[in-house]
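Next come the structures, one after another.
One chain, chain A, links the two complexes that follow: it is found with chain B in the first and with chain C in the second.
Entry: the complex of A and B
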């Protein structure tokens, strides 16, 4: 049992509770904008819901999962008591306070600006300040992860940092730097206008700042998933990790190249020139590298497990895998969804292909497939794997767990595949309703209906997930033993300094961000003729 | 693959890994080169220059005054279309263009961020207040296309749909004979 199980459970339960709430909103949105429902009488409700859904799913839920998992990793991988427990609780409560502060104006319709903010639309200042508090709370976690690693290093000079912790700290540094873009946008641009100190804002510059956060934040969401691939999956299915070194390289690559690529979100924007768009497009291709490496290492690790179980032949071993093990199921589903989502991502990163699907439903389908599919399904796996160590009780029934994962997988495909398709047909994003009686739009009606049905499958799966976690608290007590991570095939005795520390990689991350962002940001910031009047939302 | 191995196994594992890493790097380099080649060879680059404009004075003077919005036949036979997006409509709401003609779309926003997406084509650009968006386009066949705003622009976003009407080149030329700016609003 983990010592800080209360802390980890608080993060996980809050994460999954808000996830359930946002899932409900998502399903409602899919329903009201589909042909299954008549036009919503007040479209403003739709955008309220959309703002809440995005803010919770994008900022609150994955951040809490990364934090809770991070604390569990720090304690169990380093095998030392967590330093700064009181600060950790402070961070948690800041996130609670920030979430409430942000959600109240959203619920009142005073901040329907979507989680991407979209200035010059300006909502209630409380919304933005609430988001800032959530980020500040998470920065406490970043500092604590770094401090805990430092304490461990002092006691274990020269020893290789356990892979789980190495990846966890890399993820925390990535987040700290990624969040700076949106923080600059909020603190320098939006909040002064929301408070009425200024009435104009440079919308183009704001979009560039936001792109700094918007892409790499996905890699922050991805970190717990990749940590689970490397350090939970091989152990949980009775295998070994194929390569500890490759894991370190993958996490370092994420740290370095996830950042300087965000301008691919502004391919169609007029405020960035073609040169930087090309540079960011090329860098975006690079970020596929750590994923390609990971796919190889994890497939090889899974193969080891199969061969240890007597699997034979070039493909025959697949049948020997422990398919009744939920973690096996989860990683297989996650990889399938990652494959489709990744292929879509390669299309988005090329600006020639991007023009066909930019800001269409394809994009919504894409990131739901990556985040909701590949990433969140591993969040489920992490929770299932950790739960006995947090509650001291075994999960109720594995068949229910398997059903939940199957439902999520099927639901995600039924939701996102038609979503991609209507995107190719040119269906725009973020509309409260569509006129399906228009002959040009009616061919999309069937696909949208399918998506909406998929959303309800996802909702059922999500509720089942919460039910399983809740009932697990009432199971008879068992001793789950110490929480362990995967063991590599070839034991790690020494690791090159570069693969055991961050200084050079953090320097590279910051350096590349500056080379790829400084010019577009400074040229816009230096102009005095690009500020436009703010348009206040929900002002009565 | 064997699991119970010693030094030899570690070497085999590392070699296999290196091979895969090489394949991965090649995939990525090929993708980047393809994008660069297509960009240069087929001239499919995004807008090269950053142009600014004051959205509060669009209606007073300059190229986006109301009388200058719509499609204009240039002396060289090309067509320039000027349009504005504002909450919650495009002006002109129906853009008239000839088929098989190089067209330059110049557009901007009068208030918040909007986007122009012409369905059934890859014409797709953002309208950011303060900046001018320029996009080259060409329609092969006459026909109607829906043109929704593709970016959230507040509570009326779902109602912001324009249209693009592509007509025969000769018909466009005859309608453009008397000069002025063409559109298909009300047709």
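Entry: the complex of A and C
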């Protein structure tokens, strides 16, 4: 039962529109810093574009997808109209206002600080306030998801929460808590300086605050993708979910262990003690658990579908899968990209191995592979799956959809594999210009060129995606029926209270944040000698 | 559904969750705070507590580490981009009076005939910082240092305000404009050299970095060489020393000649 289709469509369309815009910037950046182009001469243009690309792709796009998908899940999984529709629109418009407010100073070159802020670099206050508005808008969504679940529980006491909604609310709680780090950084450190109330900033403390957000935000991006794995894929390919319990445990694990690991982003920072770096490194290893559980469960679910379709033998069933089904294709691509990205992630999380690739192009390659690859390809799948239910019209042609997914998959590999490679060779990230005529880096010119070509393949795929969604609105009307989620092999009748609620897990999430973050933050905050003069963007 | 039912060790999910999390934390803390510090044989600790404090990141001076050798005096100037912005008329006037004794080298209009820097229209923060450094001894020059010794902070701020206020004029011995050499446009990224303009004004200005257009070629060259040899040390964090050391003598010549041939009027204003 999807009542507020306009609300969901508004979130998705805004998300995909800004995604298309940021995709252009990304391809342009890949082009101008590749050997295919001489040089833009003014690196400021590059950083301006990079800031816009990162801010849109990191904050606006995935947040809107999670919100739109979250509203759709709340209505169709709980089978009740959304409570607080007016608030949901308020959240949406806050994000619109925040995005415009942040993007204007970026476009004017007053906030070329990259989306990770990089204090003591300080840009226009409007940029940061815009980002805060985006986060506040998304917090309204967090509250609404919690309220809608509460309303449902009141009417269905003791019943198991549908897995899609359980995961959705887990994702929203994770986001609520992880965004606190960046919010503290912005409100306590950066915005007072950007407004001119202070001229010095504790860059080290600000970076620790940001690391609080920076890793768990990836798991917030990941949530819609994992929800799609568990609750869309088995149904879409005609199978059953292998285990509902496994799904709950995976989402609970994400909630608990995604938070206390962010300091692995500051392995090279002197202001954090080596002991805490080690603890965070070890805890980072734990996030492989929910992913491994998921890969196992989804492969098992897919096998069930294949055997139902007559697949035989230990591997013969793979051929029996519905490979012409876009969702099947998307999940296969997503798993391949997740596998490579996860393997690279093992290098990043290891305190010692990280030193070889820290701040190199490897890192950029890694997060594009995981986020742009494994995660975003499932955003496409979610949109394709939901679109007929939102528009009341079927998708134009499935062959175009398949071509789009193939292009994205190939494009992502062509873009990110050479990117990792030049990172191993030592090419630093965040640079607007490389002198390819220099003998030291001329051997990397080929890899960078290849990577830039991949970026254009991605751009074509992204535009094709927008084209498919847009033309779907003009198809003849059809009745897509009620939106359903996958059904587990064993019907879920009762679920232990612990796997049907969040109290223990939220408490553990906060507890581990305190054990792993309190000391580094408090000692830095208590010291008086750690602030440095702010460096204002464009100031002379 | 009550909290009492959930938060009890009779609930296997609670005991497993809390037990595993606490166990892991204790285990990794033992590893990070005790095993790893002692595994690094080059680190010497006074005791267990010392090792734990070190791993926690508590700044401390170990007795076994010899204190750093005292090097040349470093710049103590602390500048922010807005520090000297919008000076009053009185400050500029006082600066003009004080500047009379600078005119012998830097010229009555702030344009030098003596291969000293042209100061007319230079960024205020630059003049202020260099005066501070001459006074503290972070920068030394047989002629200039005695002039700075007796200046008060306010005098320096006034001088900075006055020279920043003067209009930029063509250099005294202008040469035909030269094309931009490679080192100025691109720097040398592989050697860690940024394009000159990324600090010195044509692309961006970093507080404390002067614009260079129309300055004396001999002066620019001498300063680059002084940075490269380590004679001049008042660049904070060795920014200029690192760059000058990595430049070839030919690149130093090219950069100095190029900037000397540029008209000062093209420099961006400060606001």
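The rule we apply is simple: the second predicted complex is superposed on the first by the 538 of 540 C-alpha atoms of A that agree within 3 Å, B and C clash if a C-alpha of one lies under 4 Å from a C-alpha of the other, contacts with A are read in each partner's own complex, and residues count from 1 in each chain.
As a convention for this text, a contact is a pair of C-beta atoms (placed from the backbone, for glycine too) under 8 Å apart; a residue touches a chain by one contact, two chains touch by 3 or more.
For clarity, every value in this text was computed on a predicted model and none was experimentally measured.
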item	value
Side-by-side fit of chain B and chain C on chain A, or clash	clash
Touching partner for A:303 - first (chain B), second (chain C), both, neither	first
Partner chain(s) touched by A:69 [first = chain B, second = chain C, both, neither]	neither
Touched partner set for A:114, first chain B, second chain C, both or neither	first
Partner chain in contact with A:292 - chain B first, chain C second, else both or neither	first
Contacts of A:279 with chain B and chain C, given as first, second, both or neither	second
Per-residue contact with chain A, leading partner among chain C and chain B	B
Chain B versus chain C as contact partner of A:43, first or second or both or neither	both
Touching partner for A:379 - first (chain B), second (chain C), both, neither	neither
Touching partner for A:504 - first (chain B), second (chain C), both, neither	second
Chain B versus chain C as contact partner of A:519, first or second or both or neither	second
Contact residues of chain A, present in both the chain B and the chain C interface	43-44, 271-274, 277-278, 282, 286, 431, 433-434, 438, 440-441, 523, 533, 535
Interfacial residue positions of chain A with respect to chain C in the complex	39, 41-44, 157-158, 196, 199, 256, 271-279, 282-283, 286, 431, 433-435, 438, 440-441, 496-499, 501, 503-505, 507-508, 511-512, 515-516, 519-520, 523, 533-536, 538-540
Chain A-facing residues of chain B, complex	1, 3, 9-10, 13-14, 16-17, 20-21, 24-25, 27-28, 31-32, 34-36, 38-39, 42, 44-52, 54-56, 87, 108, 111-113, 115, 117-120, 122-134, 144-146, 148-158
Chain B contact footprint on chain A (complex, rising order)	43-44, 46-47, 112, 114, 118, 120-121, 202-204, 207, 240, 242-243, 246, 266-274, 277-278, 281-282, 285-286, 288-289, 292-293, 296-297, 300, 303-304, 307-308, 346, 350-352, 355-356, 358-360, 425-426, 428-434, 438, 440-441, 489-490, 523, 527, 529-533, 535, 537
Chain A-facing residues of chain C, complex	1, 3, 5-7, 11, 13-14, 17-18, 21, 24-25, 27-29, 31-33, 36-37, 52, 54-58, 78-82, 123, 185-186, 188-190, 195, 198, 201, 203-207, 268, 270-271
